[in-house]
Amino acid sequence: MMLHEFSAPSPKQASEILSMVPYRQRLKVGRMRWPSGFMPAPVRSLHEVHISLMIDEKSTPAIHFPSLSVWVDKVVGDSELARVIDTCASDDDNSYADRCRELHEIIGMRLAQLREIADLSDF
Amino acid sequence: MHRQGLRIFLVLSGVFVAAIGVGYYAARFQPTGRGVGQAPYLFFDHLPWMPFVAAFLGIILSSMTRRVACYIDRDGERVLRFDFVARLNHWLIALPCIVVIFSGLALGVFFIPRLTPDGQATAFLFNIHFVAVVFMLVGFFYLLGNWVLSPRRLFAFIPFVGGKANPIYEGLIFYLHRAGLTKRTVHPDKFEGSEQLAFLMAMACLFPLVISGFFKVAARFYEFPAGLSHFMNLTHEFFTLALVFYLIMHIPLTTAPWIFAGFKAMVGMGKGGGGYVPLDWAKEENPDWIKHLEAEGKVK
Amino acid sequence: MSIDDLDEKERAMLEPENPGRRKFMLFTGMAGVAGFLAGSFLLPGKLEAMPDSKGFLVVDLNKCQGCGSCMMVCSLGHHGAASQSLSRIQIQQDPFANYPDDVFMAPCHQCEDAPCVQACPVAANRPAMELGNVRMIDQERCIGCEQCINACQFTPSRVQWDPKRHKAQKCDLCTDALYLGEYGGIGGTQACVKVCPVNAISFTIEMPDQSREDSYQVNLRGKGWYARGFSDKD
Amino acid sequence: MINDGWAGHILHLDLTELKAKAISAANYKRWGGGHGLGTALFWDYCEDKTLTDGRDPRNVCVLSSSPFCGTPVPSGGGRTEVTGIGTGQWPISWYTRSNFGGRFSSMMKYAGWDAIVITGKAEHPVWVDIRNGDVAFVDARTLWGKDTHATQEAVWAEIGMRRGTKSAWKLLRNTIDAGRTTQKPAVLCIGPIGENSVHGALINDAGNGAGQGGFGSVWGSKNLKAVSILGAGEVHVADPAGLIQARFITKEKYVDDPDKPDLTGWTGMATGAITVAFSAPPTHKRRPQACQSCIGGCRTRYANGKHNEQSCQETAWYGAFARRFYQDPVDIGNANLDAAHAAALTGINTYGLNSALPWLEYLYHEGVLGPNGKIKSELPWEQLGRPEFAAAFFDCIAQRTDIGADLAEGYLQALHKWGREEDLESGEADFPYWGMANHGYDPRSELEWGYGTLMSERDFNSHDLNNHLFWAPFGSAVSAKPMRIEAERAVELVAERLGPYAKGRKECLDYTESNMYSEALAQLVRWHLHYGRFWKNSCGLCDFKWANFFNTNTNGYWGATGSEDAGEQVWWRVVTGEDMSFEDGIERGRQIYNLDNAIWTLQGRHRDLCKFAPYIYKKDVQGFNLGMFPFFFWPAPDENGKWEYREIGSRHLDEARVEEWKSTFYGLEGWDAKTGWPTRRTLETMDMAFVADELEAVGKLGAER
């Protein structure tokens, strides 16, 4: 699991990145669950992305990584994170599940950092 | 009612009711402590010897009573049909028998469901059954004893022996005549054919019941082969139903209008009380019997 | 009653005495009464020391999934018909209660000095000596007095009532399971143990502590069980 | 014995007269039980089959068990089929079905009843107290308004059953021979939603519900609050030893060892006790919980009793909204489970919310719905995701306040009332068929599911092929593990069971675009419909466990389905004594399916009504579903005919070709392709002339080819 050093944005930028984007700019993701199937669950914040990347034995995130990095870059406004997402998502030796786990961890670290900067312990 | 009959009847029923009361409280009696749980007191389980004792009490009783021969009381215009012993014996079997049957049926027989909600109520029913059984056994063995003492009384019930006619033919004609389907008539002795058959039927039920009953009780202190126990359990249930069917016929046919005088004699009411039937009625119903009594000079 | 109760006509019609027979009857009666009264004191008391059962069912209340398969197979194996009321093991549920109190499993304990055995008046319910002393009710001997049902000190009572036959029945560790399709009993199969989809019932030859009711409730959860996400820890 | 597997009698509850009558089951045995039995009873007892709303007093609702119920047939002993005309569907509420698990059907059998036929309408609210043969109608005015759990507890109290366990033996009546039990009665009831005739569910115990069809409101419209059933009897089977042995074999051969599970196995039925709940559990202190006779419980009970038995979709539909407000997965889970709890108490079917809530939120953000929108709603939409919102939402639905008034009639009814047809063009309102929510297996990609729904009357919800051909390879692919069974073999194993229509025809399982409208696919859908109609919905085999086409616990990977030692027909034989083959059962399913279609026809069905929502024909799945999901795996042959698990790409259905496909399908069923109606010849070959006569009488008999 590679470590990522993110540069620290200003508190203002940080809280912008953390904020919830307008409904129309939501990222369409979802979840596959046995046996109920696919359930759309669009996300509107980095925090929601983080949670929807979690893996458990009965369900799997349904996230299109390229769209994700574009969305993080253009809509959320965290180009640095977007780049990391790209590299990690395109790592084909990793299984889809592992990539989700890794992204979950990376975004988790970024969230922690941003929250600290923006001084939002409970977002 | 004849006074000694009344006395005896009151004494018996008193003892009987008292016994059932005891049975009820016994059924509620619950010793405590591990290994006992909630155990009602069952007469059958704790006094299994009592029915056997009752049997011998019946025999003793027979040795203590004396019989009066049937005779024609001219001036009384009546005939003694059932002496006191006969009446006592009949009711000593009959009354407990009713209780025995009802308590037995309520415990569930073949397709007939058990009517009690729990072990306690069941125990109470068993205790009632027990008390009645004890009385009935006294009566039943009193009967056997009496036969030993005066076999001719037994023979009066036996077809061809008491009353020479073919009982089936006699019984048939008797009822056909009643129904007005035939002009022919019969001349019964003391017991008309159908009565004799009924007697045989009663005995055919009572003997297996008593014997299988003794086996069931004896199982408390002696281990019979399982198959035998099973057979005896089934026998007991089967002849219970048989006896019920017998009584369904016996009771109406012995209280029917044409024979009601006989019934009154048996309960001890009627002309002059205690076991007598009107002479005219007897002439009508049992002409041969009257003939025999007269022939034997049993006339006073 | 006495002769005085008879009127003079009846007295005249008294049947002739037969002193010989009369005495004989009296004697027989007396002898019988005396004999049985005396015998009653010599009657054998309850069973002498009851041998322990050589097999027991233990259960895991935290594992049971409440599917009732054990109950159905139990009654099927013994009666050829599936029934909860005729099952020798009883599983109870309260869907709204908190785990683990939402399920209760009630197998027969095959008790030491089993009260149900002691309560049986006709020795129908007794240890099957040649079959590992499993406490079982001989349906041929049972007279349906319900005393064993009352005697069981556990709730629900581990003795069932067969309303069709008016007889009591209890767990025999499948000794008498005629419809099992294989040998049951100690050394053989116990249908409930074999069918349980989560292995929440187990057969043991170790007699659980008789002083505690919960000694029959054991932990049958293996590693794989926790891998399924079930646990006692948070 | 003639009654092997059968209780022998059917209970007719006439609510108008408040009378209970017993009907002999003898004439209904050919229908097998469950859906077949219920449909045959509906056919006989519903006087007007043209009804299009289940809330009409003339509607007949049947609860039916099956010969398997009350016996240890693995995952077959505990399901109850509910049939009748439903509510809340579009354009017509068809004669439909639903089923639920738990204890109700086994209790029904032990009480001596194979089915319960409910007709008429009571003057005031009643509940029905059934104890073996004794049936009593009890005034339910004191229960009316109670939630589903409180109702069940109240009924237990009425019958003298205390809460909790360790209860003593209880008499059904006042004598021991009237039967004793240690069990609580199984109480099937409705919540406030059903009482107010809003399409809702029937609930039994904590987690068993019949949701589809909205039968809760059917009961509500009949003033029927609950049916309590307590049975102390027995179910006779033809071959007890055979049944027990086959059950042992199932456990030992097909099912995982409970203590050594093969969690990556491709075992279908056989994973054993695995909880199907999608929220992080509030506590790990929990047990599995199963329907009667199940080989592996899919529900769970927690140390906090509150969320007991909540499972599958109801534990997921709210999570996506809840995560906006919480960080900790357990908090999100709890918010979801609380919402699920509220749903269970009010007795709503949450499946519709899968599509309804996202759509309503969309309308809110479009400014169409809300305090200032064209559609007035005072609900706190910004709080969507908090349990409070869910509670408020259910309340407005149950009480028909706010948008509840419109939604009460059905989601598409509301959509049309609000003039939002455009949302069906865009797919924002994701109701692909019959006004019902998208199940999560989009008809454009999972063809057998979509066509199966189109050719029946409700969301297909049959996971047979889905479990084996999608989920199994999916599981391996997601974590880049090797496929446990190669595509070639998997397809062989499944095709081997597709008799009598397509035995061994692997092309039926080709999910590529080239095969979307083929005759082979029509055969697959036929098989699937008929298999489900009999073996699952009529015999009561659980959809989560059956069919079992392949199984990595066995040599050669043969599954239990159709097998000689534990196949469907084996259970039928040991229980009923009737030597019927696996394929005979499918033929019976065909007859039942024909009876269904006859009723739909009488209700006014025509092939022109059997259409997907517009967006299914216009929009690709792309972007909406598969685009964000790298592998939606289904078997497909490559150009050399070698089978592989291939991600079936973005695509939509072509309306004209779907119409062709329908004609093919109708042809194969022996129906009139012009109308989709059954023909006399077809019906008579199945000894169903009585159906043809009734159709002919109203001029709705299909024309012979």
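Per-chain residue numbering starts at 1, and chain names A, B, C and D are given in the order in which the chains are listed.
Quick note on the criterion: a residue touches a chain if its C-beta (ideal position, glycine included) is under 8 Å from a C-beta of that chain, and two chains touch if they have at least 3 such contacts.
Nothing here was measured: the structure is a model prediction, and the numbers come from that model.
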{"item": "Chain A to chain B, fewest steps along touching chains", "value": "2"}
{"item": "Top chain pair, ranked by number of contacting C-beta pairs", "value": "C-D"}
{"item": "Chain whose Cα centroid lies nearest the overall Cα centroid", "value": "D"}
{"item": "Centroid spacing, where centroids are CA-atom means, of chain C and chain D in whole angstrom", "value": "43"}
{"item": "Mean-CA-position distance for chain C and chain A (Å)", "value": "65"}
{"item": "Mean-CA-position distance for chain D and chain A (Å)", "value": "36"}
{"item": "Rounded Å distance, chain B centre to chain D centre (Cα mean)", "value": "67"}
{"item": "For chain B, residues that touch 2 or more chains besides their own", "value": "108, 113-114, 118, 122"}
{"item": "Per-residue multi-chain contacts in chain A, two or more chains", "value": "57"}
{"item": "Multi-partner residues of chain D (at least 2 other chains)", "value": "176-178, 263, 274"}
{"item": "Touch-based graph of the chains, sorted into line, ring, star, complete or other", "value": "other"}
{"item": "Touch relationships between chains, expressed as pairs", "value": "A-D, B-C, B-D, C-D"}
{"item": "Chain D contact footprint on chain B (complex, rising order)", "value": "108, 113-118, 122"}
{"item": "Interface residues, chain D side, partner chain B - complex", "value": "171, 174-178"}
{"item": "Chain C residues touching chain B - in the complex, by the definition given at the top", "value": "1, 3, 5-6, 9-10, 12-15, 17-18, 21-23, 25-26, 28-33, 36-37, 39-40, 43-44, 113, 115-116, 118-119, 121-124, 138, 140-141, 143-147, 149-153, 163, 166"}
{"item": "Sites on chain B touched by chain C in the complex", "value": "3-4, 8, 34-40, 42, 44-45, 47-49, 52-53, 55-69, 71, 73, 80, 83-84, 107-108, 113-114, 118-120, 122-123, 126, 145, 148-150, 216, 219-221, 223, 226-227, 229-230, 233, 298, 300"}
{"item": "Contact set on chain D toward chain C in their complex", "value": "70-72, 77-78, 103, 106, 110, 149, 152-153, 163-169, 176-184, 205-207, 231-237, 240-245, 247-248, 251, 255, 257-261, 263, 272-275, 281, 283-297, 300-305, 308-309"}
